[in-house]
């Protein structure tokens, strides 16, 4: 199974990396892994359920601000702060998921965008709590429960992020392979058929969106703990656009693809902007090249080389699924 | 792994680049670089909405480097500016600063444009063992609630701009005022300071308006100003917002009904508004025509280096911040961060805006308050801001660690 | 007491009355065919029963319980499985996975997020049995999209069987099948009838198939029932001949 | 007091006029090609910059009003022909998303390189500079011109779609492109034409917005969100829907900013949520 092979390969490398890589690259690496986790969370929706979201930055922002508020106001240990940020994000995600899944295709995408922009507006409305346009700065990393402090340093925090990423990946893999995951692939292939088999597809979609927001919130909380601040820019729609690109460039519907898409994205943007300040030009052309010549994304190319792809034509018989656009 | 292999390739690349620069550098400089260069990190906006202010920061740094090289460097070492593109986004800014500190070994940072970027950097200075001198960030909280010992602000803060205006308006004919600001943090602190000051001088503030950040259509706010019956209107908007507001206001003929007082008079706005800008009043972060030797020298050097370009407020304040930084490095005899901090406290430097005192208690630079009015001036291609009134720095700078003025 | 009863079903699309006061019933273990020219409202009746469409007026009673207006998936959970006129399958999934997901729909633990190995095995067993039944085992590992049109229709029937329904609704199962495939389908359907008191509601054009399989026939014409009874009676009915042979008014 | 209310309605209508140009282009493109065009905001900005150059070269605002849409329309058609056409075979929507996002990034960087970071204002021709005083309320002549032009454009496009053969083809392709193709029409040509028309409309919006906000690098980012909201409220692919949506959003933005200052940003999204909850397909859209 190429997923397990990839996992076995990357695990040891991931663990040894901090001692090999120079200090400053570790900063970029930590942020790249966080974005990888964030992209994987969106892949649950886009890759496994064909629910395109233009507002996934809401999950990231909610996670970051929840962690920021918990850590600054309640002075709880960092691990608990990040841990609590996930249920906080999920609590907000449930009504969002309930409303958004009422519609499909582009309307669904626009509803998620609306909630993200509403979140952005609320940050300015309740500025005494959220700090308005500057957001919340100076988020501490208080020592963890039972006096744990290993994660306070940079290398320690790297392992915290790596652990969360691997843990989330394994959990998502289990979810995708479970009976629940099988129904998701049914919804992706032909939702009308799945309903007529007796599945309440709306409930499954709500659960998928909430799960995606949960993992996205974890990524946001990890970022807030790492960068030490949470600002309105995290809610901005450009973040949603970027993470969607990571999923598509990485290879949707594979979990590993978006992680690689995220890491690739952050590194290319970071390195390119060193070399030339025309980096957006090169950046944009990379996307266009990917769409034109490598639609299945990085992971698609990699796996295609290793094993014969299952005989699956991209467009098939049966009625066109409902949303061709998004 | 991909990362490690690229890192080694890049270190080789930089070695080659450095060698070639060495060859190209003028002869006398070569033996000066025997000593390591003083590296200053410039995390500014190169791409994105604030790119104009970023380009002004970079052009002034290049000018200062040229002038410093000509004088044989600073304490016998050449100055090297390292530029990074923050795109005006706090997340990117923090990442790029971390890289400036760890990879490029710059422990002195300046040239940050957006106040949310500056706020995000402050708590990190300790971890980076770096110091950060603000050249133009206006948010009052940076030297108040958010203050950290490794931060200095050489420039006039937003509350100081509002203060100068209020002092001027004490005996101005207008009685009723209305204040309009961007909903960003610095906009909020300008409005708050203006309200506090204008009421102290016996005028009344009819209303406070906050336009969303990057707002496009100002017609509702213009109608609100017209309805309010105010005679004077205080404006705290940045670049794009200010230009949009003034263009739309002139179409309403608002300038004929209400006298504008803006918190920053920007040459970029004047250039865009052309003749509509004439008569615009406000406090200035850089008085172009301030007749003191340091400013005349800077203006001549700038306008000869950059033909048909008039130095804007970012250029003036960037130059001043660098002069203060260089003075502190000379006094400390080394660019080591904590030594520079000690040297800069209570340091007095006379630059383009006259004598500046870097107060020990909150590291806020005491700047004089300049009130200006835009007028046609035949010495310059575009209309420019003429000085109307100057207020002493003690009167113009808020109390320690706060944005209010007890004096 | 009949397993399924439709009382006065009406469905109007604006001015068009697609289904006009249809009464129909189906006893347990029986096969009823619904025939009629194109546009007679056959598929609309199917959609009304499975509540894909809400009736303008009228009721649907299943096993004594009123199911009109319930959500589609609740109706399915009550034990009604259906196929579609335009064959609906999961193109990118293997034939076996298609049927397994159908089988899993009735498993009490279908919602499990993690693990669910037992659920997978149970449903896989049912799926293999259904595939065997429809003689599709050789295609188990093949992507459904790669199957021939006929095999895809048989796959959809396999999915319906795998749901262990009490009522099986087949919407033109032999449409687009070759003669040889049609015979195979008829043999299979005939074979299934003995098993448990499975009732079948069949929409079909092929009169041969209808008269071989159906216990009762309902003939629809322009949304109205013009004949209802055993095959022999319906064959002799004058209105049916006129509706079919085009002597329409 | 009536004068004040009237002035506010006119402000709302002038804002709606600019939004209509962008939204109408977006809905045409979506209606025909089911493409969500992320680059629409940058095309709006490109229109403003080309309008500035045209005005600077020709010295007349009118010339820039004509030149900018034509040039940007051509750029749009070229982009559709080279990049979008090979993708039509592809079933998943992700491809168009990524491509138009890539275009947005590349195009805004090209604009920065060609025109530089300095904002550019071409100003308004003197004939439109004055103020009209309506019942003691001053109102800029330029905004009246915007309302009139917006209305004229709405009628022109409406007549074009309803009356002309090309309009018929566009509406047919948006209903069922395979059928139209089967009837022997070169559907690809219609798609290229529509993409060009959509970009031209957005460019016209850009030229008209420049005197209000000046042409600057950030002008496209937020305006594309307003356009998306309008198209969703009005109903994807429905021209009339984009007209009604623009007017609704115009009023919500203007009145929201005046009366409920703190929630100004959020009002538009409340409106969209209520519409989508009641009619998921939008006011006039086909049910998805």
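Per-chain residue numbering starts at 1, and chain names A, B, C and D are given in the order in which the chains are listed.
FYI, a residue touches a chain if its C-beta (ideal position, glycine included) is under 8 Å from a C-beta of that chain, and two chains touch if they have at least 3 such contacts.
From a predicted model like this one, the values you see are computed outputs, not experimental measurements.
> With a step meaning a move to a chain it touches, how many steps does the shortest path from subunit C to subunit D take?
Minimum number of steps from subunit C to subunit D: 2.
> Please name the chain that ends up farthest from subunit B once chain centres are defined by their CA atoms averaged.
C
> So what's the Cα centroid distance for subunit A and subunit D, whole Å?
So the centre of subunit A lies 31 Å away from the centre of subunit D.
> Can you work out the whole-Å distance between the CA centroids of subunit B and subunit C?
Comparing mean C-alpha positions, subunit C is 75 Å from subunit B.
> On a C-alpha centroid basis, what's the spacing between subunit A and subunit C, in Å?
Taking the average C-alpha coordinate of subunit A and of subunit C, the gap between them is 42 Å.
> Per the centroid of Cα atoms for each chain, what is the distance between subunit A and subunit B, given in Å?
37
> Multi-chain contacts only, two chains or more: what residues does subunit D have there?
Only 109, 221, 262, 265 qualify.
> Do you know which subunit A residues sit against two or more other chains?
121, 124, 280, in rising order.
> In subunit C, what residues contact two or more other chains?
In subunit C, no residue touches at least two other chains, as defined above.
> Line, ring, star, complete or other: which one describes how these chains touch?
other
> Show me, using the given definition of touch, all chain pairs that touch one another.
Pairwise, the chains that meet the contact rule are A-B, A-C, A-D, B-D.
> Give the list of subunit D residues in touch with subunit A in this complex.
It comes out as residues 30, 34-36, 38, 83, 86-87, 89-99, 101-110, 113, 221, 225, 228-229, 232, 236, 262-263, 265-266, 269-270, 272-273, 276-277, 280-282, 288.
> Could you pull out which subunit A residues touch subunit C in their complex?
Against subunit C, the touching part of subunit A is residues 171, 174-175, 178-180, 182-183, 185-186, 189-190, 192-201, 310-313, 316-319.
> Considering only the defined contacts, which subunit C positions touch subunit A in the complex?
Counting only subunit C, the residues touching subunit A are 50, 52, 71-73, 76-77, 81-82, 84, 86-93, 97, 100-102, 104-107, 109-116, 119-120, 123, 142-146, 149, 152, 159, 163.
> Taking the complex as given, what residues does subunit B use to touch subunit A?
Residue list for subunit B touching subunit A: 1-4, 6-7, 10, 46-47, 84-85, 89-91, 94-95, 98-99, 101-103, 115-116, 119-120, 122-124, 139, 141, 146, 183-185, 188, 212-213.
> Residue numbers of subunit A touching subunit D in their complex, please.
Of all residues in subunit A, those touching subunit D are 46, 50, 52, 99, 102-107, 109-111, 113-115, 117-118, 120-122, 124-125, 237-238, 241, 244-245, 248-249, 252, 278, 280-281, 283-288, 290-292, 295, 314-315, 322-326.
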